[in-house]
Amino acid sequence: MANEKWGMVIDLDKCTGCQACVVACQSENNVPINDEPLYNQRRASAWIHIERYWEGEFPDVKARFIPVLCQHCDDAPCEPVCPVFATYHNSSGLNVQVYNRCIGTRFCANNCPYQVRFFNFWEPSWPETLKNQLNPDVTVRSRGIMEKCTFCIQRIHKAGRNAKSEGREIRDGNDLDIRALDPACVNSCPTNTLMFYDMNDPESEIAKLAHDELEHDGRGYHLLEDYGTHPSITYLKKVDKDAELHHDSH
Amino acid sequence: MISFNKRSIIGIFDNVDVAADAIDSLKDSGYQHNEYDILTDTPYPTGTFGEGEPVHKLFRWPLFGAACGFSVAMILTVGTSLAYPLVVGGKPILSLPAMSIIMYEGSMLGAIIMTVVGIIFESRLPRLFMGAYDERVTEGYIGITVTCEEDRIALAEEKLRESGAEDIKYGWKD
Amino acid sequence: MTHISQNSASDHGTSNDVTLDLVNRHSHTGNLFRISAVILSILFVLGIAGFVLRITTDGTSNNDKWGYYAAVFAFILTTAQGAPMVAIAPRIVKAHWRRSTSRAAELWALSGFITTLVFVPLIFVLPGLEDGRRSFWFYHEGEVARYIPHYVGALSVVAMALAGLFLLWVSSLPDLAYIRDHQTGWRQKWAKVFARGWQGTSWQWFMVNHRMGILGAFYFMMLVFTHFVIVADFLMPFVPGWIDALFPATHAFNALQGGVATVLVTLFVMRKFGGYSDFIQFDQMWGLGKLLLATSLLWIWFSFSSFMIFWFGKKPNELYTLDLLMTGPYLWLFIAVFILVFIVPFFTLIWNPVRRSTWGPPLIACFVLVGTLFDRIRLYVAAYSVPADADMHGPIPLDLVPAAVYPDVFDILITIGVIAGAVLIYMLGTRLIPVINIWEQRELSIYQVHKRFHRTEVQVLGKPE
Amino acid sequence: MQEYIEHGPKKINRDLLAGVLGLPRWWMPIASVALLVILIAMCAYGWELNRGIGVAGINRPVYWGFYLANFVFWIGISHAGIMVSAILRLTQAEWRRPVTRAAEVLTLFSLLAALSNIFFHLGRPWRFLWIPPYDFARGVWPNVRSPFIWDPSAIGTYLIGSSLFVFIALIPDLAVIRDRVSGKTAKRVYGFLSLGWRGTPRQWKLQTVAGILLSALVLPVFVSVHSIVSWDFAVNVSVEGWHSTIFAPYFIIGAIHSGVSAVAMVMALMVWGWKLENYITRDHFDAIGRLLIVVATTWFFFFALEFFYAIYTLEDPEIALRTMQVFEWPYGPMFFVFIVASYFIPVPLWLLKNVRRSPMGMFLTTISVNIGMWLERFLIIIPGLARKTPFTFDWGTYHPSIVEISLVCFTFAFVTLGVLVFSKFFPLVPIFDVKEGEVFRDEIKVGRRTVPASIRE
């Protein structure tokens, strides 16, 4: 596993804002439970969150959704500011967070334009009944450190190990592999809004989709492009007939 | 310091001109400039007592320190970057603008430390044995010390007394 | 001619001797002066010719043809017009060594004529606000007049030139009175016109000092403001994405460095060829050398502060700006600037033997002047060469960086001509106003006393007030 | 015009060592209060260590709060010492003599106070040792590209440099105490510290050269420290209000503004506390007042430049941020107080000679400056973060918690106590420098007028 560059395509046209990905992520990655006090303190963590916009004036209102998660930027602003290399870019194109190394300066969180880094203000705790649901493959982060979406690196590694033990490479198109490899949010998405694969794989449908939509005046765009972060996530615009009409009339 | 039969003596003066006269008379009696010294409680313009300009090489110390500090900082920055080559934010492994800051601080730290060492060394400090000294020196009196062989110490005392010393004290063997 | 001592004019000669001596030197015009004035005039005329040819062949609509022109304007603004600061700043902190350099520095205010002249065509070159370019007038269609940057720019250039001329006039009033009283011929007539009414009453002296203080402060403010206007409206808006809050200050502080360098070279020429070696001594070179070192450090600090943010930020617009101005087409020019403006002054001037000589600081100052010229070329030519249709607000593609623009014959003629013009007007100015401040020299003989301190000689400096 | 009071060395020793050999009556109560505040604040810190940084008011997206604002504030104050002593030494300003030591000591303790804020701020402060490069065994090194690595290197250099600076200038005074102090142990300790200083011409020569050379060396460090502190903010490409090239000079000049004000404040306190009105005269307040006018105006220029260039781009996020900073509750009133307190109240007052020449006037105006400058740091850091991104759903706000407030109080108490303890053991006014001033003072007679003058070698 040397030349991958894991990436995601998010087709906003398909997103219904159901928040399944949020729940899946929360349980897959042992993200602390966001209870009411935590929300009131504005300290809730959700590695992926669906942001909702309202467009138009009442009663002609439209809800718009955009799932926001760590963009795993190639030129991530969060990385160079960490004094202890607790976050860096690995060879698979992932922006990784080393929990053990983190000392909690919160510099990276300030320098992330997408606001997708979360800080453990308190020691995380779960109700007794939920103790057994914690994912054994994922560290429970102590207080005082940053955490963020990892593209479910534990699943990527597991899939890689499985493939290796069977003496093959991870391939696109093989459903079973993809299922095991996909992050929890992608797996749980009912409308297939989220698509995840190696962007360096020329055979991959998803990589092709991202490439085509970005290049040929398609629907593809990167979030906050003018920061020059070169994210690994490509968003596809919502197809909106009314909006286009509106736009053309200008 | 070679011969151990040296003694030192201090004469206390309360007037700059009288002290300067005393220095003149010591000079006339054949005392070398490294045998007498002037103790004051504040810097006077160089040559106030007719003494020569002290020669020092203080300016070499910071240059040396800066060179050392710069090298250490360079080894540290280049070395750690190469030893732990993690890619962050698409920046080069050897990021010169970032490293130059550390090298700059290193040079300045080296320069300052070596300057301080240089000042202490060039001031001939720390001085372990005080020799002839009087506490009135830090009260505005001017002390003139003479350090010479035992047989010439009496002459020094005489000269100091002649020129108008208020008090004369002997120090232990220096 | 009276005997003048080694160290300072005031040591042995009385102040009257100094006055007469200086007035005599002032009225003597040598052959070297005449020859160089003629050469400079020819160069200046050639420069005008180059300008006429440029305007007839290319018109004013093409920005990229005028890059070098703007650069040499900025060069005069940063060097010659910065020079009066060398008189103003030490006067404020009452440094005595300034006394024999202050007039030489103030006389450079005459170059205000040249900058004003050169600025006029630039007004026509620059586009109005309607193209949607950035401007510090926060322009929205119809809110402010279209050419408001041009008005304000012109006003500030003229106001700065006037402030400099007034400062020069006020500080030379007493000297003009000496000339009026001790000279004959056209000099006397000229001095009579300008020194009118000067008798030297204590009220007049008080007013001279007072006005010099106010005009000096005003000149400094105008300097900062003019550089700010020029940068904010005539340089940065051409480069999409060049949003650098520090740069107006950098540009203005470069004028301090350029000014110190100009004065150092002037002093060297005066000492070597003008016969003022008794007045221009180690003290002056040493003091100015320290200032040159300080301003060089200021240069690297300001430049590095800007660079660091852009380098670390890596936004597309920042990368574009860095590429255009530093690492791209003008890389070699930038390296030359870096060496001439920082490396050379820093590593030579921290070294006492160089700083404590009469040849060291002026030599370094020459390097700095050349470096400043390169710096202005790098900035202005690069900025003016960006295609006018570049989108100022959208994302900026890096491949849009234009290729380096090399000077053609007209550019070279104009550049040399403008510089020659500035030097020429200075030389002519020295014929009218003494290049050493006579009354400050006399004042020095009051406040600088050498006396015995027990067994040694010391200098006692008086600090009135 | 300067007032002339000749003291003579004996009186100088007696007056300036009064705080060392004796103890002013107010010393104990004030020191106890400071100590009490420190103890309470340490309890608060213990609470924070125990429960986690959650006890502070920071949240998402305002990840940096009071601690960092306070850090910048104290780093700013720490620039006072070097500003006053180095620049004035290099320009040979005579009025520096009695104030250099106090300013340098203020530097030391405010640097330590600033450093303490880093520990309050970290999520896991017990792991701060991962910042210095020491881990040879595992080959895990810090990231030299991070401003948080430049910071410790710069602050460390500055701390070491300025403590050595203080020490070198203290040696002759230690010798004075050695000769005056009565206890045997004390004599031995001061004797050891003074390294056997005698006061020979050579030693004095080097002391003078050292003052100039060390000033020239510390000055560039002083500039780099606050530049780097400003880059902690300015390199943040994501925070609109921070990503500005002007931050380095702007922070420096702001630091000088608040630092020199703090020195004026300490001068007034010294005059009242140790009855030093014969040493720190009205002329000194006059001089520092004039300096402050220049500094404040330069600061205001950079402030205006920074603010202006922020809205120059006419980008929506920047406009939103500035609107909030200037008009919205609670930042709007703070902004008003900040700009009025740090410029529009003090500077016109400093233009009046009577204010400049009165310790009380300078004390009140400089306190006003420092209140303003504290708010300035707050207003740079917090609104910038609260309006950080173009994503409006991630906008936030911030309320400091009681823990943060008490730890901010800690820093003030710490610096107070530090300076007080220092003043018990060492003179706050450099004795030899004052004596030197008397030796080098001279006058020139011109007609009926006597012009104050000084001897230059």
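Before moving on, here are some points about what is shown:
Labels A, B, C and D are assigned to the chains in the order they are written; within every chain, residues are numbered from 1.
Note that in this section a contact is a pair of C-beta atoms (placed from the backbone, for glycine too) under 8 Å apart; a residue touches a chain by one contact, two chains touch by 3 or more.
The structure displayed is predicted, hence computed values, not measured ones.
Here the two chains linked by the largest count of contacting C-beta pairs are B-D. Centre-to-centre spacing of chain B and chain D amounts to 30 Å, using the average Cα coordinate of each chain. Mean C-alpha position of chain B lies 44 Å from that of chain C. Centroid to centroid, with C-alpha atoms defining each point, chain A and chain B lie 65 Å apart. The distance from the centre of chain C to the centre of chain D, each centre being the mean of the chain's C-alpha atoms, comes to 35 Å. Residue positions of chain A touching 2 or more other chains, listed in rising order: 75, 77, 80, 82, 85, 227. Contact with two or more other chains is made by residues 308, 312, 314-315, 453, 458 of chain C. Multi-chain contact residues of chain B, defined as those touching 2 or more other chains: 44-46, 49, 59, 84, 86, 88-91. If the chains shown are joined wherever they touch, the resulting network links each chain directly to all the rest.
Contact residues on chain C toward chain A in their complex (touch as defined above): 312, 314-319, 395. For chain A in complex with chain C, the touching residues are 75, 77, 80, 225-228. Only residues 1, 91, 94, 220, 223, 227, 231, 234-235, 237, 243-249, 301-302, 305-306, 308-314, 442-444, 446, 451-457 of chain D touch chain C when the two sit together in their complex. Against chain A, in their complex, chain B makes its touches with residues 84, 86-91.
Every residue of chain C that touches chain B in the complex is listed here, in rising order: 304, 307-308, 311-312, 314, 352, 453-458.
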